[in-house]
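Here the structure is laid out as structure tokens; the discussion comes afterwards.
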Amino acid sequence: MWAITRLLAGKDLRVEMRSRVIINQVVPFAALMMVMFAFALDSDTVLARVAPGLVWLAAMFSLLVIVQRSFALEAADGALDALRVAGANAGGIFLGKALALAAQLAVLEVILLGAALVLYNSHIVGSGIALLVGTYFTATAGLAFVGTLYGGLAVGAKGRETLLPLLMLPVVAPVLIGATRATEAALGTNGATATDGWPWVGLLTLFAVVFGVGGTLSFGSLIDE
Amino acid sequence: MWAITRLLAGKDLRVEMRSRVIINQVVPFAALMMVMFAFALDSDTVLARVAPGLVWLAAMFSLLVIVQRSFALEAADGALDALRVAGANAGGIFLGKALALAAQLAVLEVILLGAALVLYNSHIVGSGIALLVGTYFTATAGLAFVGTLYGGLAVGAKGRETLLPLLMLPVVAPVLIGATRATEAALGTNGATATDGWPWVGLLTLFAVVFGVGGTLSFGSLIDE
Amino acid sequence: MEPVVELVDVVAVLGQFPVLAGASLRVARGEIVLLRGPNGAGKTSLLRLCAGLLVIRRGSANVLGVDLVADRSAVRSRVGLLGHSNGLYADLTVADNVRFWGATIGASADEVLGAMQRMGLDDRLADVAVSRLSAGQRRRTALACLVARRAELWLLDEPHAGLDAAGRDELDAILRAAASSGATVIVASHELERAGSLATRVVEVVAGQVRERAL
Amino acid sequence: MEPVVELVDVVAVLGQFPVLAGASLRVARGEIVLLRGPNGAGKTSLLRLCAGLLVIRRGSANVLGVDLVADRSAVRSRVGLLGHSNGLYADLTVADNVRFWGATIGASADEVLGAMQRMGLDDRLADVAVSRLSAGQRRRTALACLVARRAELWLLDEPHAGLDAAGRDELDAILRAAASSGATVIVASHELERAGSLATRVVEVVAGQVRERAL
Amino acid sequence: MNPLINMDTRATSTRFTSALGLATLIGLGWLAVFGLFLSPNDRVQKTGVRILYIHVPSAWLAYLAFVVTGLASAGYLWKRTRSLTLDRIAGASAEVGVLFMGITLVSGSLWGKISWGTYWTWDSRLTTTAFLFVTYIGYLAVRDLGGSHEQRARRSGVLALLALVEVPLVHFSVRWWRPLHQQESVAKGKLSDLMLFTLFVGLVSFTLLYVWLVMHRQRVAALDDMVDDGGLDRALADRRSEGMP
């Protein structure tokens, strides 16, 4: 299983290195989102207040795009069938794709966070750095697992992809809320303090573990026709 | 030229009727966006105030997705080459695809606007209805023209799609501003009145005309390899 | 009589790679020319060039009386191209597709129906989405779209691949009929026996260049 | 000796359509079987079924000693399938692709290199992205991926299509060598002369059913 | 002999551009002297006002550069003048324009930190500038897409014209959004004489710099195109030898 995980994650990252779709396409998309938010919301006080929410909102939309790209890659020339025939362990496929997804998402989020700090005039509270890092890792893992799980479900048979946003909405909402609250605490938005944030990181961790384990165990039945 | 326009618009709408990607995939995506905004902003007064901006922001992101879908359709099995060989008038292709795009966008916007009214507790001012309808038509036309123009440029050769957000960002900004301001006037947000809105509709009209005419004339040089 | 295709030392580039490296070819009206040659030689590129889809970097090219260096687009509505890919909309039905491609050159409903019947796409298949067809059925649909277009110059890239025995015979008959009614046909193929017996002349493409060759 | 493939009255459905409507087939070790039949008959479906990719609605199927009704996945790592599509990652190079697919079954670097050389993918092509290859070069890459996999059962869907004359000969040699070293080969093809001379037995597929047929 | 290369120095400079370069250097030296030492402090902004002498000329030169790009593109697309030199001038001018716009953005941001206490706000002038910057980065990216020189020229020419139409549209629409930036202070005579003169020095030296850069970039672009064609010759020879048994 770990061999397949490494193989797939390596392959996905190599494809990204060669095609640079995430770097060249999703990053501008996300940046555009941040700029447009700032632009449309039209008020400094509102902006600083909602900055943490916007970061994670933008991360989530980018997730949708990355997931679609990640599985379109497999579907384009029938590679998914080939993967199935290769007898690759389904759990390994899940973890491999989630790993590559998380790596790409992580890069993106750093950029989004940086943009928010500059564009929205937010500041990190000293004690918030550890909290921010914790939030960042757990939320990224959670999003990557959920994305891979539902992306795998939605790939292939036409008409399924319709389901993706519908299925993901209620599932991702807790991540969005948790990550937003934790980030607010780290940035001291609305007078929140860093200690307010850690329970949310706990929630995010729980979430990532549930979907990581659940996905690894169930991915086989999901992608198999 | 008009024959090709009709033919292409009809074809694109028929594809949508058969595949229901916009209805089943982009609409939930956009709705999700509105709900998430409500979540992230988490305050009724702020929400009602920024509702018009959010509607058009969501419309703009959906536009990106629809444009990508619209041209992916042509690129998938080499249909774009076939279209070129068919000797179809490039201006006709532009108008046809823009028309279909506008139709899909129009449906989407009605839903977004409805969602905003319900979710964000906004109300239409009596005299605002005509203004809202005017905004709606001119902004939709402008977005559709811009989307088709740059979508056509970005289709085909790999790596180009990167450019789509980059090229579209500055161009769509005036539409976003104009439509937001006009909608604010129609909804009476921030104490605006309907008469404040009509100059913005003028701007939107100007914008749509510039890109409609520009696109029709230049599309040939943009999509031709 | 003026030749239908006249290429002189044509060079065309994709990326940095010269897919055509000095190709010269002359095809007269009514001919059926077979392009053969190893994988990657440039057959597909040559066909696409004749359809006005490639930029000519050097040399001169004249197709159906149109100078491709000056204006590539004027020739397009008069040629029919079947590439490696089919150019079909997967979500639309067979009938939708053939009707659409027929309509781009103004074919009537009868002509469209006739083209579908010729390629063995009967009523059962007409209303099936292309995405549910088998590979050969898709190829048949693409051919039906082509037949509905009444082109003066037919450019076909491995048209036999994927077709069953009956389909191959049908296709050959269609191409012979087209040629004898004044159209010109250029076929790239690796099935040398079949395509060779169809062709009036064989041309060999090697490393982006063209060499004439006996039948 | 136990047969490698044993299908009894198999029914398989895609959407609402029975792509296989009661197919029975028995293939012994070392055979090279040719599947022939009209477009849409069910050849592709039959191959995919043997690879464990289709759900069996009725009947029984046993491939390489594995009962496909009970567990479709156990057979997969032991078969090699070349479908109509190539299963390649377009953004990766030829070498990347062959290496990846080789690695999924633990092929060594030498085996991968050998497979590429067998299919005529030399150093110049090894580092070219698949998206820049010609159709035949892509097919060669897909075949190299397959060769690197050392399967016990080879399932090939129109493997000759797109290959040039040399590639066809090379492929036939590879398949003959595989069969004589104990692998089993099932080929679906419309090129009856070539595939017929390769095959030890011909089987006809019609309307989702299988009929044995003399050579 | 190749008219683009000075065979003595093997560089893209000619006697004229060398003289121009020298003049530019002298101008920039003057600007440094006036800007840093001779011009007075502002009453409100103190010494921070000195950023003005870079900030404003670079902004105006960027405008000029983009207009030149538009005009050259229009010239290229106009049937009777179709010359790749015009296209290369368009490209070179856009490159230099992006550079100057970048300088405007950076100097403005720094200035903003000093006088407004923030690097960035969503003011209309700032937003317009950022959008203009992005627009021409997109334009340069489109020039880089590949294909033949003529394809590049036609595609980017259309884009440059669209961008030129777009600029006033963006500019005026953003104007009523959130004004915060300095209004026209130069034209309204709010500057002292010495400040005005320093600004003038900056303007002249930046103009010289612009012309010098564009001339060189244009020549380098022509050489690039030639190298490209030379590369084609080599690739052709390779490809042809492939077919030899």
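A few points about this structure:
Going by the order they are written in, the chains are A, B, C, D and E; count residues from 1 in each one.
By definition in this document, contacts are C-beta pairs under 8 Å (C-beta built on N, C-alpha and C of every residue); 3 or more make two chains touch, one makes a residue touch a chain.
Predicted model only: the values in this text are computed from it and were never measured.
Traced through touching neighbours, the fewest hops from subunit A to subunit E number 1.
Considering the contact criterion stated above, the chains in touch with subunit B and with subunit E alike are A, C.
Chain centres were defined as the mean of their Cα atoms; on that basis the chain farthest from subunit D turns out to be E. Comparing the residue numbers each copy contributes, subunit C and subunit D share more than half of them at their mutual interface. The centroid of the Cα atoms in subunit C and the matching centroid in subunit D are 29 Å apart. Distance from the subunit B centre to the subunit C centre is 37 Å, each centre being the mean of its Cα atoms. Subunit A and subunit C have Cα centroids separated by 46 Å. Residues of subunit C in contact with two or more other chains: 15, 17, 55, 84.
In subunit A, 19, 35, 39, 42, 158 are the positions where the chain touches two or more neighbouring chains simultaneously. Listed for subunit E are residues 127, 146-147, 151, 177, each touching two or more other chains. Of all residues in subunit C, only 48, 51-55, 72-73, 76-81, 83-93, 96, 100-101, 103-106, 129, 145, 149 touch subunit B in the complex they form. Residues 149, 153, 157, 159-160, 162-163, 166-167, 169-171, 173-174, 177-178, 181, 203, 206-207, 210, 214, 218, 221-222, 225 of subunit B touch subunit E in their complex.
Subunit C makes touch with subunit E in their complex at residues 11, 13, 15-18, 21-22, 55, 57, 206-209.
Looking at the complex, you find that subunit D touches subunit C at residues 14-15, 17, 37-40, 44, 84, 120, 132-137, 139-140, 157-158, 161-168, 190-193. Across the complex, subunit A is touched by residues 19-21, 24-25, 28-29, 32-33, 35-37, 39-42, 46, 49-50, 53-54, 56-57, 60-61, 64, 158-159, 161-162, 164-166, 168-169, 173, 176-177, 180 of subunit B.
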